[in-house]
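I have a structure here, written as structure tokens, and I will follow up with some questions on it.
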């Protein structure tokens, strides 16, 4: 079987520690042919570290020389749109980091072009591959939850404003805690509901702590240049009356520094995702069910596999371009609601 | 000092175990002169049990014979409005059980009449008198929380649909979990924010479990006659951009059967109310503060005292008629939002 | 409806605190007409305490004067046989304390006579009425356990040799820990297996601690007059290859002083009875299921009710005369095995 | 001092990770001269990995060329007998993996030949070298336990049917959970009792789960080719009336996946082995004694040392040929009892 | 047997809830003939409550009319001396509340007069009668501790300055936390060492919190009238080089509000008293020994019994007059050391 | 900037694993030019391991050839004095291991010479650099503790007599648990008090376990050659009436094997150091404050940095020569008190 040719766009941490290692473990299906970064030295160093043949500082030359079948986009959020469009134009499948884009329209355009070209565009929401989510899906399929009507989803850090990179730069990232953290749990919540388009969205964003400064658990950040939200809260309703309560924060005066969970309430059973617990009735009594032997899995490896499966027309649960467009629409409506637009 | 003359309207559990014992402990300020219930025997029995002189089966006669200074209203929600209006017309102060009424307009009218009459109308939200809430108030006053911008408030039962009384009767109660449980934590949340009028309200109500039936932890209920919501979720925003996430349930597939709490997030500190924990920064480090010696208090006794204080023009933190009107407006907007009105 | 007339034979603790209170709570079905004890004063005192009309020091006179419909036998084990036979001869239903008798032949004769007379003879194994056992039965009925093939049953005390009464007297009690404690869990184990007759039985009894003396947690006992086993262990197999591992002790150098439990292993699921936990597979994963809201129940009241139901021909899960005979056969075979007979 | 010359027969995991590393740590007493496996490549690879001079695919050639003083047998159970007999015939001491053999007669013959030849034949039951067992032995010697009269021994896995090798092949292994796991705790129990010959044995074996299939925690197994017991239960009595309750499982619907323990009951004290706890009386009170600083030890290194000590006539607590024959007799009687032979 | 005639001097809480109930349980040995309090009404009320014949407001009259055999002294500390001397002069045995007196010389004089009169004078240190102390004594007698060479004893409250009575009045009480709390654990420590006379004493007393005020957990206290120490620390050495570290507080910024314990270090074993744990070596390993079935006992009843035994010449472990004198000397030397006298 | 030239005196574990790694991490400020040990081979091996140019077996030659700016002294305690004096004479700054010396006079002379020479002499008490101590210092500076008046400091091992080196040799070490362990927590306690000179000192030393032998958790020790104290207890008072209770042990029959902590009591707050907890009043209630995100730090690296800062005239919290002299005076007075000198 001929190997798929992959190019990496973006030379940062996520490329180095997530995508490239996963692709290398899948060497029977894919070969990485190039790394591309604005900073050629960085690209070169990453290519050398991982034994990748070529390194570039512009995508144009990369496409010309390497003719990849697929690209992995690991750049700041504002580049997801132009780089995805360019890749699709070069007839490449695209595996893009989350969030899809910084505007709903961009995400919609990306999905449309992918559809038009018949190419796979997918987003890297790896939590879908966790053992917990796989089990949730099986429980749902087995009818253990009944109709799901409400989900509480949160991804909260107490003082986890990243002290490096461009995470607090609004132009590059499009937003803060919601864009970076909230989208992970929002994606799962939407999956559980069948990824419907939203009905109403009401939300708020805050930046008290981010703009004031204080103890940083992910390095020190500069309150003067802090432009994004440190916390976002939202309530999202759907035409079938289901709803999602969403909370995300980089900084919040709460107990744990990393508190990421979903509670999924159905007519027959409810699930708390981490650690996976199912609350239901069994044999006429209220029952709490735990699964003590869930395995830890390499969720990036599984998600990259799911992307490759999608590229090759196999069944896959990777986040699709269409789903990404819906999610981005919700994100944008939360920001607009917060600005009372 | 002359004693205030009090009459009890409604002869159920809340009169018997909360209001009458509290008033009796305050015998240096108040004397109970009558009990009034649709069911004269019930009224008589209650009066006898507590050594109260008179019992009536209609308020008209009671007002004529007893000329009370104040009345305590402990009847189904739909009677709060007519009985309060009647009491005010008889120039009585009124201490009314929660919720204020079953419509926003009723609560507004009640407040207006009380104001016009110069009488005290107050609602019995006793959690305001808990040691935890007193401490929250002191922490807020001492500046330990900074600006409060977000509150998560919930009062969740897993299978606590009351199997007795009229709790599942929509006409009498006006609603279910939100009317009966949610208002308690909503009142506290509004207190913490200074009881502002709301900006936007988005909510949903559900009745999957209530209408299906199952194991009951507060007795068995009849799914055929279940008319109210078993769960209500809402997001409420305020002009100053603060917001409240509210959840209330009689029945929900969640872990605990009684889970009642508030998380109050401020710019300097955050509080989890039960058990009271303050999350903040101290001496340059993130600090979690606990208060191991908070005393349990008799919250009904304290709230009845607060009502008497209000009647006599003393400072008091009892829930005012004006606050009740705001709260009832929010409740109504949640229900309307849920019905997409 | 005419009330059943009940007589109590035996004036000890179990009559006073278990049987009489239960019967009195069932006053719509049964009336206690007499108490009978070798010691007339004791009988009289008990009758007076509970408002029972008559007291006797011999059963002959009691049957003559009172003509009961049923008797409750609460005497030392060696009297169960003669008193039951006498009661049946007087055409009374019999509710006899456990164990059924002190020999297998006695228990068999008792069952035969009851059958011949068409009367109800039942034994008071109350654990059958616990919420845990009710749930086990429902789980089994719902197929959650599959085929049950092995049960570990134990009732162990560390230093619980009763320091009062005749518990260490072999002639009166027929044995020690097995007769007094082991039969409770053996009965449950046999229920779970459908009360089959045994295939092979291998057992041992010990009396090291009982005959040596030491710290007593149920009062002091006299090692010189200690005649029974302080511990009994047995393995019992059945024709369908199912098996029971049984352990019972008054005294054993183990951790807890009261450790009473069953583990029931089936092809689909296994149950640990206290606290009730179900180990099985669900949605393709190993699952542990707990039931956090099991209610405590009045197991004596329920078992007495079950006996009355049986007397009146209603469905009942009380221990039958036939079951008692099987259980007693196993007990006797354990003792014989221990003596290498 | 001349070094003992050792040959390894069997090239699997137990040779690679247990025996060879232990022997290499004892390089002042022994040198490994050869590895022998049916598969020459495997033998060669193992030899190279550990710096062993020779590799063979048949023992005949190995004995001819290498003239070992001792051999380590790490092959499937059914080869223990012929390979041990051959080794003894070549005047080699033998350190054989457990269980001794697949029939009692084989184990007896092996012991007889070793005795006749004056050679050491020992079995690798390493748990004898754990700190817990050493402490048990000292407690017993110090009289802290008195007379030991009952032992409960179990080695239970919930879903630990090995998904590799020949563990489910009856011809090669002779049995399942009892042969592979049960023998470990049975050996310890027998040690505590002085390794007596048994009086009576009653047991059962089961294969419900093994033949049905399901979630595997040691890889997936094939229910179609599952030929051994997944669980075995037995009760074993001894002439002095002591007894052992034994349980072993590859698969059982129980709580933990690995639950291996012994409870040893003596007239003065009782011990739970893991974590080591002694229940006794001290200063007139019931006492629970824990040993918080027991060291972890390299039990294979200690057991190999014990074997070498035995070879060289020094005191040793390694499992002897005679003990192995007694253990194998019990195992066989359990299987026969289960088959009602 | 003629009953001993007892008189109670002092009508406070300790008389009402400790001494009188204990004496009444010992009605086969003693009868209470009078209660004596400065406040006649209080004395009368107490006498009536407990069915005691006489009540007095002065001891002179009481001795004249009632001729008691023994008196129980439950008055403020400064009255212990004169009332004890008076009682001894009236040939009464004396059971005096702790501490013995407010000066060493007083306690010495009291002991001398009792000795001269041949009467029993004892102090009510009830902790000597706890199950833990009885066990400590047995462990010591059995040689499990070896030579005891160091004891850490503390009785610490976080905010337990009594808000009632005269506990903060130096003239009446002679001191604060040391006099009221510290003496309890000092007495036990001295018992463990054989009640030796001290060699050197170095100590300090503090009153920062007491004189500043703050949250009170035993009611509110008045910092203006706070005259005693809120904390005392001392190190006491003995001629045999053993030593005691003593800490006592009414108020200290420590974790628990009631933290009372002793750690007793011997050459063979060490004991932490609450919960009783013995740290030693057993079977060659470090062992921690717990006693899970220690019974709670009525320590006042046991101590009163011990006093009566002493009065009647039976063996008794009640605190003797001589021991009280030694203890009081140490207390005085701590105060003097704190004042650098 | 020119690098400081450092020489290491002493080639043991503390040099190898603490000082040299720390200095190497500070290669922008310091270069290690030589290692000096009585044993040249050891010196050479250590130098080679860490890439240090020179190795010597006498300091004379080392000073001649290498002209260091500073020396690190890591030798037995009795050499600290002569080697420090020699180093100062060679105009070197000195970073000396704890304790400063084996007599108070030596430590005083060392401090005097350093002062006279204008050189930095410091002692390596690294716990000063822990996050907990840094936080304690900030809490104290922020007034959260008020006046500190009492400190309990202990460093206890249960059976931690070092089984290697010269730790039990009195001539070389000057003492045992106090010299080796106690000084660490004594130094911190003195820091909290502002390093005052003591007023009175009362102490004791013991050697029961050390001279008897037993289980060793830091290897086996020889009771025959055990010359130092295995435990030391002391009470130290200061002119301002503050006091320290100090306990240190190599061996003591206590619970944990390593129990090292300080409790620091101030008028406003009290701190338990490990894990850091602050007990105080806040908002009118008793509060316990924890700091869940304190970072672990490399305390040796920080202390070496602090020493270099001191050498270069920068602010530094390293233990000064003057402080060392005070500490050594206290240690000596404890030993003298123990000997009743």
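In order of appearance the chains are A, B, C, D, E and F, and numbering begins at 1 in each one.
Operating definition for what follows: contacts are C-beta pairs under 8 Å (C-beta built on N, C-alpha and C of every residue); 3 or more make two chains touch, one makes a residue touch a chain.
By chain, with names taken from UniProt: A, B, C, D, E, F = Gfo/Idh/MocA family protein.
For clarity, every value in this text was computed on a predicted model and none was experimentally measured.
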If a chain touches chain B (Gfo/Idh/MocA family protein) and chain C (Gfo/Idh/MocA family protein) alike, it appears here: A, E
Over-half contact-pair match to E-F, picked out of the listed pairs A-B, D-F or B-C: A-B
Shared interface numbering between chain F (Gfo/Idh/MocA family protein) and chain B (Gfo/Idh/MocA family protein) [over half = same, under half = different]: same
Centre-to-centre distance between chain F (Gfo/Idh/MocA family protein) and chain C (Gfo/Idh/MocA family protein) (centres being mean Cα positions), rounded to whole Å: 69
Cα-centroid distance, chain C (Gfo/Idh/MocA family protein) relative to chain E (Gfo/Idh/MocA family protein), in whole angstrom: 51
Separation of mean Cα positions, chain D (Gfo/Idh/MocA family protein) and chain C (Gfo/Idh/MocA family protein) [Å, integer]: 42
Chain F (Gfo/Idh/MocA family protein): positions in contact with at least two other chains: 159, 215, 217, 284-286, 288, 293
Contact pairs between chains, per stated definition: A-B, A-C, A-D, A-F, B-C, B-E, B-F, C-D, C-E, D-E, D-F, E-F
For the chain F (Gfo/Idh/MocA family protein) and chain B (Gfo/Idh/MocA family protein) complex, residues of the former touching the latter: 135, 138-139, 142, 144, 278, 282-294
Chain A (Gfo/Idh/MocA family protein) partner contacts - residues on chain B (Gfo/Idh/MocA family protein) that touch it in the complex: 146-147, 149-150, 152, 158-159, 200, 202-204, 206, 208-209, 212, 214-215, 217, 231, 233-235, 237, 241, 243, 245, 247, 252-255, 263, 265-270, 272, 277, 279-281, 284-286, 288, 338
Contacting residues of chain D (Gfo/Idh/MocA family protein) [partner chain A (Gfo/Idh/MocA family protein), same complex]: 159, 215, 217, 257
Of all residues in chain D (Gfo/Idh/MocA family protein), those that touch chain F (Gfo/Idh/MocA family protein) in their complex: 293
